[in-house]
Amino acid sequence: MIPAPEEIVLAGPAGWLWLAAAGTLILAAIAPLASRRLASIGALLSTGAGLSILGFGIVVLIGGGTYTAEWGQVLGLAPIALHYDGLSAVFLVALGLTSAAASLTVVGRPVRSRVEASAYPLFLASMLLVLGARDAFSFLLAWELMALLSALLVVGLRPTRSVVSAGYLYLAMTHVATAALLVAFALLATGSGGALDFVAWRGAAPSLSPMVHDAVFVLAFLGFGTKAGTLPLHAWLPRAHPVAPSHVSALMSGVMIKTGIYGLVRILVDVLGGGPDWWGVAILVAGAFSAVLGVLYALMQHDLKRLLAFHSIENIGIILLGLGAAIILAAHDQDALAAMALTAALFHSINHAVFKSLLFLGAGAVLAATGLRDLNRLGGLARAMPVTALAFGIGAAAISGLPPFNGFASEWLVFQGLLGAAGSTPVPPLERMGAGLAIGALALTSALAVACFVKATGVTFLGLPRSSAAADAHDVGRPARLALTLLAAACVALGLGAGPAVAALTRVAATLIPPGSAAVTATVSAAPAAGPAATYAALAIGLLLVPAVAFAVFALRRAGSARRVDTWTCGIAPQPAFQYNATSFAKPIRLFFGRLLLPEREIHIEYHPGTPFPLAMRYRSEVTLILEDRVFRPAHALSVRFAELVRRVQSGSLQLYLAYTVGAVLVLLWWAR
Amino acid sequence: MIELTAAVLVLVPLVGGGLAWVLPADGSRRVAAVAMTVTAVVGLGLSGVCFGLGAIRAFGGLLVLDALGAYVLALTVVVAALAMAASPRYLRHELESGALRALDEARYYALLLWFLAGLVAIPLLDNLGLLWVAIEATTVVSALLVGITRTPQAIEAAWKYLILGTIGLGFALLGTLLAYASSVPALGETSEALAWTRLVAVAPMLDPNMLRLAFLFALVGYGTKMGLVPFHTWLPDAHSQAPSPISALLSGVTLNAALYALVRFHLVAIGGLGEGYSSTLLIGFGLLTIAVALPFMVAQGDLKRLLAYSSVEHMGILALAIGFGGPLALLGGTLHMGLHSLAKSSLFLSAGELVQQYGTPRLARLRGALGAAPIAGGAFGTGIVLLAGLPPSGIFVTEFAIVLGGIQRGHVLAAAVAALLLSLAFAALAFHGARLIFGQPQSTTPQGGRGRWLAIRLAVPLAVVALLGLWTPDPIAAALDAVRAILGGTHG
Amino acid sequence: MSGAAALVDLALAVLQLGLFLAVAPLLAGTMKRTKARFQGRRGPTLVQPYRDLAKWWSKRPLASSTTGPVARHAPAVVFGAFVVAALLVPFAAGRPPLAGWGDLFVVIGLLATARFVLALAALDAGSAFGGMGSSRDVAISALAEPGLVLALAGAALAAGSSDLGTISLFGLREGVGLLGPSHLLAAVAFGIIVVAETGHHPVDNPDTHLELTMIHEGMLLEASGRSLALLVFASELKLVLLAALFAAAFLPFGAATELAPLPLLLGLGIGLVKVFLIGQGLALLDATVAKARILALPDLLGLASLLALTGLGARLLLVP
Amino acid sequence: MSLDLATAAHLLDACASGIVVVGVLIAGTRSIGRAVLLLAVQSIFLALAAAIVGASTGTGHLIVGAVLTLATKGIAVPLILGRILRGSPVRFERRPYLGRRSSLIVAILIVFVTTAAIDGAALGRSLDAPRALPAALAEVLTGLLIAMTRRKGLSIVIGLLVFENGLALTAFSLTYGMPLVIELGIAFDLLVAIVVVWVYARRMLATFGSLSTDELRSLRG
């Protein structure tokens, strides 16, 4: 129940698009409550809203310009105060694309519960507000709304015990993180005489003392980092994302955690205008650890959605590498390079949104088709669900950073940013070395990502089915397939069209970090550009690959149809159990990185009675999540024990209680004497 | 006219209580209903008038109702009405289960009305001495209500409440004495010398040392009643053992009343001693209170005790807000007071439903409330979320304002610590809440109460809390601002 | 760019690609021969690899009944990726034929694409050996990647750009001055990586088919006919490619600095010699060093990354 | 009837000393019955003090206050406590937290400390009774001491009443008492409180069979 608009400056086509999106979302939220039959229409409406958000984002991104609006009042504060600019637009594009596709997958599916069905569009709306909020109050309001709704969607109304605890952990962590944000914002507000407006803060930021700047940085990193799921604030992510409904997981991994990145850029770069280079170093370190550990843990999973969740941590790490490089470079006035690194971070944010939601929706399709998330029981699905398989494969290639897909383009830019940081002399040697190490970390990460997605794709879609459920799977409905195709196409489009995309994002980055006149040392372009600067001619390379591959394909075709025979398995009829599965595929890496992963395994062998011949064998191997298992759990247990200890104070003895009062009185008298 | 209304406001519940005591059960129920309605209408009307036309004075200045008083009065009658509305259903269950005897019903209503009489008197009295008398009276009466179910725990709780409350209020009396002593030189030995309107007026002329001690003891005394650590020890016992409607009243109203009294002293103190002294004390005790309440919420085994400790926590927040001072924090504090009353009373009522249905307050045994009792469980879950200050909850706004205001007034560390503690308190509350709402109920648990009326009773206050988080209508905004101005004291 | 320059580029591209394709099997042949000599055998003739390719090319393919489009098209993609990569590496001249199309990261990316597709294809047949091969291959290249990137990044930092043309031109300009400690360290690191990537001792055994030891071969086990031909050809091409990359980044001496016929021919010749020598080096390794346990590889490849890092450190921290 | 300030001051001091002595005795006794009796005596002293102040300073309402005190604290309350005591099986403190001798010592210490610390004359009131204020605060503390160190519910109530007496004496010595309305209110509250105590004492006896607070330890944490 929001009162009539007080001020709407959401003008022009963009304005209409925004209003269309908002209106559709509200309708979509009401529809399921109205009647169960309308629920699927709600999904359709959400799709439409997603598309208009996408349109809105593109218009703002290309057309530039800003759009503001304001509604309602509480204690003289406006609950909804919007101001969309280029930075918002970057994430709006991600939101639009992802939400359109995600909503499309649930069109025509029976709704699990009407409450959730109506919470879902509101969740989209909350993200739309977060990206537009122009002051601390409306931002935190939308932010908390987003957290609450996503948590509701994760938990649902009839959750199992583990789901509840996952949702609880998520909500609690994000709420504590928000407290940090609140303090950070309050500090900024005091700087600008109590004004809550981001713009006002930008003006007042220089007048704040460096100590305040650092405090804000730390708090903002805690607050936004938790939402983004960077190490060591990630504990909630791999637990909450897998248990959510797949289209929600897609949105959470694709967009919601990006709002953390958005917040970091908005506050650190836009409002504070960068900072000392130790900020950048801190972000770089967090990013490197997130990337490497994220992908390593992902490799160790055999639950498909959990695997994808860990990859979100990895990609957030990659984005942070770009951001960290940008801040370090900006701190030493290498603005051209800094802008490029920032562009890298923004571009990877969009790309990750696309391919991660694609992968989650693909996993959702697999789940819908087989009811399985356990890779070790999947296999051979490519035959039954070719579209899903192809789309998932493209997503896998993209997230593994392979040309000519979009993931490679943004990782290439991140590499260039780090290279710039390592190479520019004004940056102190140690920081340069840090950037060098980050390059190594990123290389390791992308190689491990290749390994992980060979495993995920291969074990799921190739070979022989490992369970009956996988054996008689059927591809998902047309809307879902359409959504997957859409996103896969986006992966290719953003890969080949990286040139224009990067150009647009560079304009945005330039508004945040004005790049002086210095020459750019690396460019992603469509057409080749000779010269000393490193280039990635995305379109040209892509187009060159086509004939190169096509020729070979043609040659293969000429050989005529192959004679079909069984796979050679040393003379026995091939069986699914012969294949490498998720666990065995990852074994070499599990052993290579044993010091880090601390794997533990148990093998049960039952023998034929009285013989040395095994009858049945069971093998289980789990790795240790160092932070969770060795730090967080003990800490939590400790704090609870502490609470138990404190509760002894309330011993039930009246006399003791009196003693407290008297003691307090005496202390007070002594204090006030 | 005003005299008459004021008299009606206090006398109706007083006399009604007398009637209820002598009448048979259903008769007393009717009397209670009528008296409650009248009191509510008159009370709201009176505060409405006050907000509309400014402060009201009657009986030669013995009664004064300014915006702050009007606000407290309005909250009092509203929450009391909620509690009263919940009472018949509650009593029916208790009588059926044999926890109460037939005779107790009439007594319950009588005591409830007398309790109400004391509560509505508090914000009217322009005299610190009579204020004390009224508060002590409510303590004594409510002590009887707390122990009305003669279970050993109830008796224990009531006994502790009585003793600790009386001794605590003894300190408040000492404070009042000192205030009197400090003002006698200025105002002479008349009851004038205890009229806070006058005291605030002549505050600069008061004997500072006396005033210092006066506020100190008032803090101890009313702090006891309001549940500031370390004087809170009685609170979880009493609030958890009392009949749920009474718990709602205790948490939703009495705490506010005590706070109100303390605020009057605070205003005199900042008038006489300036900012530093009383504000520092309030901030200190506020933080201590929140910090100590936290572990008790984390490792809590009893549903109603959990809510009680959350009340303690929120009183800490209010003390903090008033200590911070400054328009933003005070505005936040003002709204917070009201929203906490509404949310907490609704929570106690739904918790009461659940406790009666499951037959135990032990959190370990309360599971799957959403399935077993859709209405009460849903209301409880929503209430927890709103109370914890997740949007769209007014409490989100108020906590935002309080922390922001605190930092703007330079209390960066205090505000930051408070923000952290609050979020942790939410974690604790949500932990127990989640396990209560979801999960599998034992097959033995009977189906929970249904009925539109129950739903409305529980939902309306929550709806208000939620709505105020997005939009405060202008009249309410104006009223809050008026209260804020008074809380602001000399530097409103 | 002007039409003439474009024409030169095209000619250069065709020339380089043709040369690589032509030389790749020969290089393999020479290496086999050397190895055989060391083992006291005469070994196959130098043209044997050509014969093998021709034989497979003309055979009717066999395909596992479980395989699908992935296994069918993978060889083409692998081959195509290598072909494109081959055009991005400077060989005869200090600049690659397709100057300004992509830098060293693009080359590495294309190699990764090939690896990704091949590893996937190996899983398609559903045999244990394919899985073993792809699992081990991706694991080993995961260990190799940091060293590879860091070594090249060192060179890139020295040249001030990750563009391979710029790097090798810088090397040509520097001359002997290039051979600083950091450069040598990076070069050694890259050498180790080449061994791992091309699958020679002590990392892999190029011509074993002993199930439990094979890595790269394991992935080719289910391929036959033209698919096998393409895959083998591709891996031979990969060797030339990596050798050329090594030469371009770490010993570009002799490459032409301007696009005149004579220097180009000279550069061509010198380039071939470099590639040949590198090949012989690898063969030497195969013949003399024993294949290491797979669990010993992290140490070896970790050493490579470490050397590369030390090189980087020497460049960033020591040099003022 | 009027009284010149000098004599009044002496008399007031005398009453104050009497109150203090009685307080010490209460702290020192283990028999609850005796404690009740002493409490009555103390209240009578208090009433006397009120009367003296009233008579000397001409604040007439204090006479009323004196009568009130006598009626409630002096007569009604002790009677009620007596009733409760008669109902209870155990009539003296068996094992107080602080033993008889030591609590006696502490009580005396309290008196010394307050007398030494607080100078009643400093108030500079027309009725200059330097003992009154220290005595009052001594009683406040003694009352708290008793309440804190006794196990039996009734003894705690007695402590509470001593505490109340202390407050009242403070009122007389500090400001010649409070305005009448308030005195009335306070007295009324006290009476009601004692009645409620009575009610609960009976319920405790009915439920636990004793007034010992050791029974009241079930509500924790």
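What to note about this one:
For reference, chains read A, B, C and D in written order, and residue numbers begin at 1 within each chain.
The working rule: contacts are C-beta pairs under 8 Å (C-beta built on N, C-alpha and C of every residue); 3 or more make two chains touch, one makes a residue touch a chain.
Just so you know, these numbers come straight off a predicted model, no measurement behind them.
The minimum number of touch steps separating chain B from chain C is 2. Ranked by the number of C-beta pairs in contact, the top chain pair here is A-C. Measuring from the averaged C-alpha position of chain A to that of chain D gives a distance of 70 Å.
Annotation: 44 Å between the Cα-based centres of chain A and chain B.
Chain centres here are Cα averages; for chain C and chain D they lie 100 Å apart. The centroid of the Cα atoms in chain A and the matching centroid in chain C are 35 Å apart. Chain A has residues 647, 650, 654, 658 in contact with two or more other chains.
The set of chain C residues that touch two or more partner chains is empty.
Multi-chain contact residues of chain D (touching two or more other chains) are listed as 144, 147, 156, 216, 218-219, 221.
Contact annotation for chain pairs lists A-B, A-C, A-D, B-D, with touch applied as defined. Those residues of chain D that touch chain B in the shared complex are 59, 140, 144, 147, 153, 156-157, 160, 163-164, 167, 170-171, 174-176, 178-179, 181-182, 185-186, 188-189, 192-193, 196-197, 199-200, 203-204, 206-208, 215-216, 218-219, 221. Taken together, the chain A residues at the contact with chain B in this complex read 1-3, 72-77, 79, 136-137, 140-141, 144-145, 147-148, 155, 157-159, 161, 164, 167-168, 171-172, 175-176, 178-180, 182-183, 185-187, 189-190, 194, 639-640, 642-644, 646-647, 649-650, 654, 657-658, 660-661, 663-665, 668-669, 672.
Taken together, the chain B residues at the contact with chain A in this complex read 159-160, 163-164, 167-168, 171, 212-213, 216-217, 219-220, 224, 230-231, 233-234, 236, 281, 292, 294-296, 298-299, 328, 331-332, 335, 370-371, 385, 388, 390-392, 394, 396-398, 400-401, 403-404, 406-408, 412, 415-416, 419-420, 422-424, 426-427, 430-431, 434-435, 438-439, 467-472, 477, 480.
By the touch criterion stated above, chain A contacts chain D in their complex at residues 647-648, 650-655, 658-659, 662. Interface residues of chain A facing chain C in the complex, by the touch rule stated above, are 379-380, 382-383, 393, 397, 400-403, 408, 412, 415-416, 419, 422-423, 429-430, 432-433, 436-437, 439-444, 446-448, 450-451, 453-455, 457-459, 462-464, 521-522, 528-537, 540-541, 544-545, 548-553, 555-556, 558-560, 562-569, 574, 576, 578-580, 584-589, 591-592.
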